[in-house]
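Take a look at this one; I'll ask things after.
Chain lettering (A, B, C and D) follows the sequence in which the chains are written, and residue indices restart at 1 in each chain.
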Amino acid sequence: MKEDCVDRFSVSIPPKLLSEFDEMARETGYKNRSLAIADMMRSRLVEHRQKFGAEQIAGTITLVYDHHRQHVQEALTDIQHDHHNLIVSTLHVHLDHHNCLEVLVVRGRAKLIKKIADELMVAKGVKHGKLTVTTTGKDLSI
Amino acid sequence: MKEDCVDRFSVSIPPKLLSEFDEMARETGYKNRSLAIADMMRSRLVEHRQKFGAEQIAGTITLVYDHHRQHVQEALTDIQHDHHNLIVSTLHVHLDHHNCLEVLVVRGRAKLIKKIADELMVAKGVKHGKLTVTTTGKDLSI
Amino acid sequence: MKEDCVDRFSVSIPPKLLSEFDEMARETGYKNRSLAIADMMRSRLVEHRQKFGAEQIAGTITLVYDHHRQHVQEALTDIQHDHHNLIVSTLHVHLDHHNCLEVLVVRGRAKLIKKIADELMVAKGVKHGKLTVTTTGKDLSI
Amino acid sequence: MKEDCVDRFSVSIPPKLLSEFDEMARETGYKNRSLAIADMMRSRLVEHRQKFGAEQIAGTITLVYDHHRQHVQEALTDIQHDHHNLIVSTLHVHLDHHNCLEVLVVRGRAKLIKKIADELMVAKGVKHGKLTVTTTGKDLSI
């Protein structure tokens, strides 16, 4: 795809919203308004598509926990091995003597990914958990 | 919002992305493209205005990109090395022949983390980027 | 397997070698000579088995390079994506402004793993590369 | 080595491991088990005597273990958190329902790194462990 192969169309936006958006785009580092809008469209499509359970997604599950809490790590590892085909790998960062940050890279059907994320986040001892959904890249043009 | 008080401007978007976006907007129930874009702008502003101050955070930056796009990887690595003291490590997953999923584990002052995330997500060739903020665990009891 | 299910046999070793070995085992932290010998046996089996090309192995490829060297990162990523089914994931650590440490977790037939390792290690700009072979765990009792 | 000047002692090894070792020793061409064990001891001493001093190194520690073995994971995590300033991050790959591959990226004084590696590899339940030393890149030109 040549980068100058674009469709041109016009949009009507309330003036105050437009100027606020332009300021945000400038602050974020976008070279022009169209690039900022194209990026928003892609993000919106990623969010929209994860609602369908059968969709293939990639993503991360981020967990913070205190590894001194009895059995928390055993529980988390057991859940992960039960779904080892959906978990590409897990990155573990030792934040301090107590706290662990664990990031799981996951890939598979949206509804299965959500199920694992829920199981992990409700596990006793987990301070904070978050599922971040992104795309496998295949269905998103640029 | 009064519909006749609007600014009219033109936007250039790759045709495939535009048609995917239009389909999504229709499915969601938007009456026209401008209303869908205005809504996205508002959501984006809410995110952008989240306060990122001097507090210490831990988190991840998730990026999906096509490594065949000229210079995208060089650009991303340069940005990362400029801030190597804030990036604990980066996990790279080769999704397929084209697409890469990269997860950066970051730690430091919130506003600096936000700045790196913006720089990376705006980089040309990045299909989707997301900053996920979590805690360093210290200030969160369980 | 119960841990006290062991075979007992006797070994004849030159006295000086034995006392040096015992000192090493103590320094390393082994509780007794048998545990140290069992660990050596497992390591020796892992090394022995990697000689056969069709054997499934797991391992890591460790690379240190200067990402400012023209095209080094593009070259490394291209090689990795050509074999993305053998590479589980890659961990990238930004050592300083120039130097990168990259650890690839690999899994597959020994001879294919060796081929990728060779391609990566000879790539221009790589300062140091090393293939570390371990086991998939399946064929190693404890 | 004079063969009659030997110390005789008894060793206890799990039966399956012993028979695998014997098969390997036969394939390699050893006349008896004692000669194979003596050779392993010498190799192990050479490795052990490598000098690990005050110099800064980067490297990886690779571990394979069965996470179902009682307390193995707790033990490994405790050791890691005791030295969290030397461990950049840990990548965990779920090989199958039982086996885990863990790669620690480490950085710091050589002798401290060696000490952690020994502690981890000796831990009960670890099937195979290996320390791979590389450079921080600073002292190696290209």
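Here, contacts are C-beta pairs under 8 Å (C-beta built on N, C-alpha and C of every residue); 3 or more make two chains touch, one makes a residue touch a chain.
The model shown is predicted, which means the values in this text are computed figures rather than measured ones.
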| item | value |
| --- | --- |
| Contact-pair overlap exceeding half with C-D, pair selected from A-B, B-C or B-D | A-B |
| Chain whose Cα centroid lies at the greatest distance from that of chain A | D |
| Chain A and chain D, separation of their C-alpha mean positions in angstrom | 36 |
| Centroid spacing, where centroids are CA-atom means, of chain A and chain B in whole angstrom | 10 |
| Gap in Å, rounded to a whole number, between the CA centres of chain C and chain A | 32 |
| Two or more partner chains touched - positions in chain A | 88-89, 91, 93, 95-96, 98, 100, 105 |
| List of chain B residues in touch with chain D within their complex | 88-89, 91, 105 |
| Chain B residues within the chain A interface of the complex | 1, 5-18, 20-21, 24, 27-28, 33-34, 37-38, 40-42, 44-45, 48, 58-60, 62, 64-66, 69, 88-89, 91, 93, 95-96, 98-101, 103, 105, 107, 118-119, 121-122, 125, 127-128, 130, 132, 134-138, 140, 142 |
| Residue ranges of chain A in contact with chain D within the complex | 67, 73-74, 77-78, 80-82, 84, 87, 89-98, 100 |
